[in-house]
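Just below sit the structures, each encoded as structure tokens.
Heads up, the next two complexes both have subunit A, just with different partners, subunit B and then subunit C.
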Partner chain A sequence: MDVIVLQLFNGFSVSSILLLIALGLAITFGLMKVINMAHGELIMIGAYSAYVVQNLFLSYMPSSMFNWYFIAAIPFSFIVAFLIGLLLEATLIRFLYGRPLDSLLATWGIGLMLQQLARTIFGAPNVGVTSPSWLNGGMTIMGDVVLPYKRLFIIALVCLCLVAMYVYIYRSHSGRRMRAVMQNREMAACLGISTRRVDAMTFAIGSGIAGIAGCALTLMGPIGPSIGTYYIVDAFMVVVLGGVGKLIGTVFGALGIGLSNTVFEYWTTASLGKVLVFLCIVAFLQWKPMGLVAMRSRSLD
Partner chain B sequence: MLAVRQLEAGYGESVILRNVTLEVQRGEVVCLLGRNGVGKTTLMKSIMGVLKARKGHVTYSGADLTKRAPGERARRGIGYVPQGREIFPQLTVFENLLLGLEATPGKGRIIPESAIMKFPVLPTMYGRNGGDLSGGQQQQLAFARALASEPALLLLDEPCEGIQPSIVDDIRDVIRSIKAEGGTAILLAEQSLEFVKSVGDYFYILEKGSIAWEGGLEALDDEVIRRYLTV
Partner chain C sequence: MHKRLMSRQRLWLLAGYAAAATALFCAPLFLSDFRLNLLAKFLAFAIVALGLDLIWGYTGILSLGHGVFFGLGGYAMAMYLKLEASGGRLPDFMDWSGLSALPWFWKPFSSFGFAFAAGILLPALLALVLGYFTFRNRIKGVYFTILTQALVIITVTLFIGQQAFTGGTNGITGYGKLFGQSLASPDTKQMLYWVTVIALIAAYALCRFLVKSRFGKVLRAIRDGENRVRFIGYNPAIYQMVAFSISAGLAGLAGMLFVLHVGIISPSMMGIVPSIEMVLWVAIGGRGTLIGAALGAILLNSAKSVFSESYPDAWLFFMGLLFVIVVVFLPKGAAGLLGQFKWLRRRRAKHGEGDGVHYPAV
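Let's look at the complex of A and B:
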């Protein structure tokens, strides 16, 4: 019983991390159809933003305040990644809409440049971010099963991001404009919506959420300039498996990969488990190319 | 109020419209006729700005709009019901209508009663996705969405295409009531001669991308119809 609960928790934990790194991509790739290979580097930027906030707190704030640096780091990471996303959209991405191959190559190049920039500023070796003490330790349930606070915190953070995104996309005026532009750009423009502004905002929000993901990743271990490359494939997997264009699909995609990953790793080994997961994804996409949650509508038939 | 002067437009290498000149006066229903493929939709798109004009001018209420984006034209009071409806499929009917208000910011976020009243079937479907509606219902939604911004000029591109007769009658009634209210001019591209004769004030016939004939209702006789419209 203990083992099942622990594995289940691990599965949810892996899913939550996958979901966090894929949420931003669900917007830039899922909604905007931009193959953004620099998504991993936006995660890296978020991670380094958290590192910078930590150092600022160490240098300028009383040590009693240090434990709260992480609360400041989350919005800071979002804002930094948001602004870089805005810049990226205005200078590059907007010339590449509807050209997937070009945007793939161009954003990959941008990713390499951002990695090199991080290496120049922060140095090539990994840097550590000290987790706040209130996230150390864990919650003990059923006698001897320990659920680490850090992982619980990430799960909570993902839920918060998900709710915020849902409210923004499906309940706000700007979210409605965003969905309209993504579904029918020409008609949205004819109704008086500024498609340029919507594109810029959408891409920037997707980037900002990647920043939050990066900030959360600092809890899991040291960070380096190429941290993003470890996650970019997983992020695309989650979005494609879930079904492009639907937020709820991304959630199912992350849960599917995260839980099956944990199960396979428990049965076999870490690397073989990963192979089996990818095999399952490939087989599934052969069977249902649209992913778990496909958009269906009379007008799309 | 709307004046198109020596307009030339097309797609890529091919020129579709040549030297098109037409006018729409305030409160008038002007109809655009012609066989398939003569450029009616292209002309509508150029007036809305979806398609850039190669030559000539589009002026509206004294302002030259030739180089303006579609959004700018919408904000100046041009409403557009495109061919094929172009409803946002994954948005609800209500959200589709709310988007009609984008052209008139600052007026509050309320869809004008006058736009809804003309299509009493719509409020019963507010929660459904636009893409799940039938063609006729989508047409009514597209029409109401354009009316939500209370436009001074309405561009209707084949509103009766593929629609059941009873809804065609509804649309005819709506056009008549807009005409009776007098606040909105209409430019209507349509194939059905019987339909345009029942609502139109002035007629233009396009042939091979140019205006081949223009005149009032009484001048639109069998001879003209035989020459320009019979297939």
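Let's look at the complex of A and C:
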């Protein structure tokens, strides 16, 4: 019983990280049809932003304040990644709308350069970020099952991001403009929406969420220039499995991959578990080629 | 008049091919052993590029999984060479991992014929199976690309995880002889170089034949308008599957040659980065032209071996930049640039009136 609860919790924990990464992708890929392979590097930027904030707190703030650096790091990571996303959109992505495969290659090149840049600035070895002391330890339930606070915090953070995204996309004016542009660009433009501004904003928000994901990853272990590449393909699989265009699909996609990954890895070995998950995804796509939740459309392509 | 012009162009083309083939065959005369070995490796890469061009440039399907097919071919050949070098005993890495008997799937690889066939057919079969389960359901474009990338990740994880059967991170190395000839001797290397040249020419001829045939026309039609092809009555999935499978088989062949030249195969040679680098070769050389793809592989790898020796950091920057430049400014690659010059000249002569050809958004 204990083992089952622990595995279930681990599954949710993995899912929450996948979801946080995939949320940003769901926006850029799902809504804009841009394959942003540099998403992993935006995560890396977010992680290094947290590292920088930590170092700033260490050198300029009284040590009693140090524990609260993480609260400052989250918005800071978001803003840094947001601005870089804005820059990226203005200089490169805008030329690639409607060419998803080309956007994949170009952003992969960008990712390569960003990785190399990080290696130049921060050095190739991994750096550690000290988690605030109030996240150490864990909650004990059912006698001897320990749920680490760090993982609980990440799950809470993901829920918060999800709610914020939901409110922004479905309940705000700019979110409505965003959905309008993604559903029918020409018509939205005719009605007076500045599609350029909406595109830039959408991409930047997707990037900003990647920054938050990077910040959260610093809690899980040391960070390095290639931290994003570990997660990026899994996150893309979440979007493919979940279907594009709706947030709820991404949530279920992340839960599906995260939980099945944990279960299969528990049953078999880590490497065989991954193979089984992949086979399951391909099998699932036989049944629903467009993913779990697909936007209904009469257009053929 | 027009016809004569065409035939003269054809003549020049044939002369060019003949010159290139002669130069390749004579290369051992004026290259050092080290350079010759490098060139042989690049020629093997050119075979991958040809296959990749067939699927990407002509059919419009981007595969980021060719590293896997390349690696499978490489492992098939490496298994044969390893068994040959171990001479009836258990290969050393199995000993270290505590295996006491040869696993059943290693046994047939002691015959060269089987290993060679498996090196081409295994990747082709894997591609056929993956293609069957994706193209049939019209999973295409970006979705397919992401699936191929996931295939790379799980294959690499699997090969690293099953250390007893695959040699783990170190891969398989330490071969001795092929057909009783030492792999390290310059004579064998020269022989292998010629084998590679012949393989490259054969692969080029095969791809050219496919592209010029009716089959190739359907492939291009699928690239430009898959649904129209379907409505005319073709089944695009079959064509995509076959093209993908041939492309994977070529990658497997290249992998086998690569192992013979380099003497090692490991999971790091089939990972995400090598797979996407293969795409870069084709993109730079020019997708949609076979000669461009092959030249792109050779030139880019030559540049890499020169640059990355002296400035390994700058090379990664440069490669990233190349990706961006090629995609944004040169969607048809270097070969397209040449064509553009020709087209501009003709346009100037004709005064306006473009031919309206544009690369489709894939």
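By definition in this document, the second predicted complex is superposed on the first by the 296 of 301 C-alpha atoms of A that agree within 3 Å, B and C clash if a C-alpha of one lies under 4 Å from a C-alpha of the other, contacts with A are read in each partner's own complex, and residues count from 1 in each chain.
To be clear about the criterion, a residue touches a chain if its C-beta (ideal position, glycine included) is under 8 Å from a C-beta of that chain, and two chains touch if they have at least 3 such contacts.
Model, not experiment: these values are computed from the prediction.
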{"item": "Which of subunit B and subunit C A:Leu152 touches, first, second, both or neither", "value": "neither"}
{"item": "Contacts of A:Val127 with subunit B and subunit C, given as first, second, both or neither", "value": "neither"}
{"item": "Touching partner for A:Arg99 - first (subunit B), second (subunit C), both, neither", "value": "second"}
{"item": "Per-residue contact with subunit A, leading partner among subunit C and subunit B", "value": "C"}
{"item": "First (subunit B), second (subunit C), both or neither touched by A:Arg177", "value": "first"}
{"item": "Partner chain(s) touched by A:Trp108 [first = subunit B, second = subunit C, both, neither]", "value": "second"}
{"item": "First, second, both or neither for A:Ala188, with subunit B first and subunit C second", "value": "first"}
{"item": "Footprint overlap on subunit A, where subunit B in one structure and subunit C in the other make contact", "value": "300"}
{"item": "Footprint of subunit A on subunit C - complex, ascending", "value": "62, 130, 133-134, 137-139, 141-143, 145-147, 149-151, 153-154, 157-158, 160-162, 227, 272, 276, 279-280, 283, 313, 316-317, 319-324, 326-328, 331, 361-362"}
{"item": "Residues on subunit B engaged by subunit A in the complex (per definition of touch)", "value": "48-50, 69-71, 74-75, 80, 82, 86-91, 95, 98-100, 102-104, 109, 129-134, 138, 145, 149"}
{"item": "Residue ranges of subunit A in contact with subunit B within the complex", "value": "173, 176-177, 179-180, 183-184, 186-195, 295, 297-300"}
{"item": "Footprint of subunit C on subunit A - complex, ascending", "value": "29, 33, 35, 92, 95-96, 98-106, 108-113, 115-116, 119-120, 229, 233, 236-237, 240, 269-272, 274-275, 278, 281-283, 285-286, 289, 300-301"}
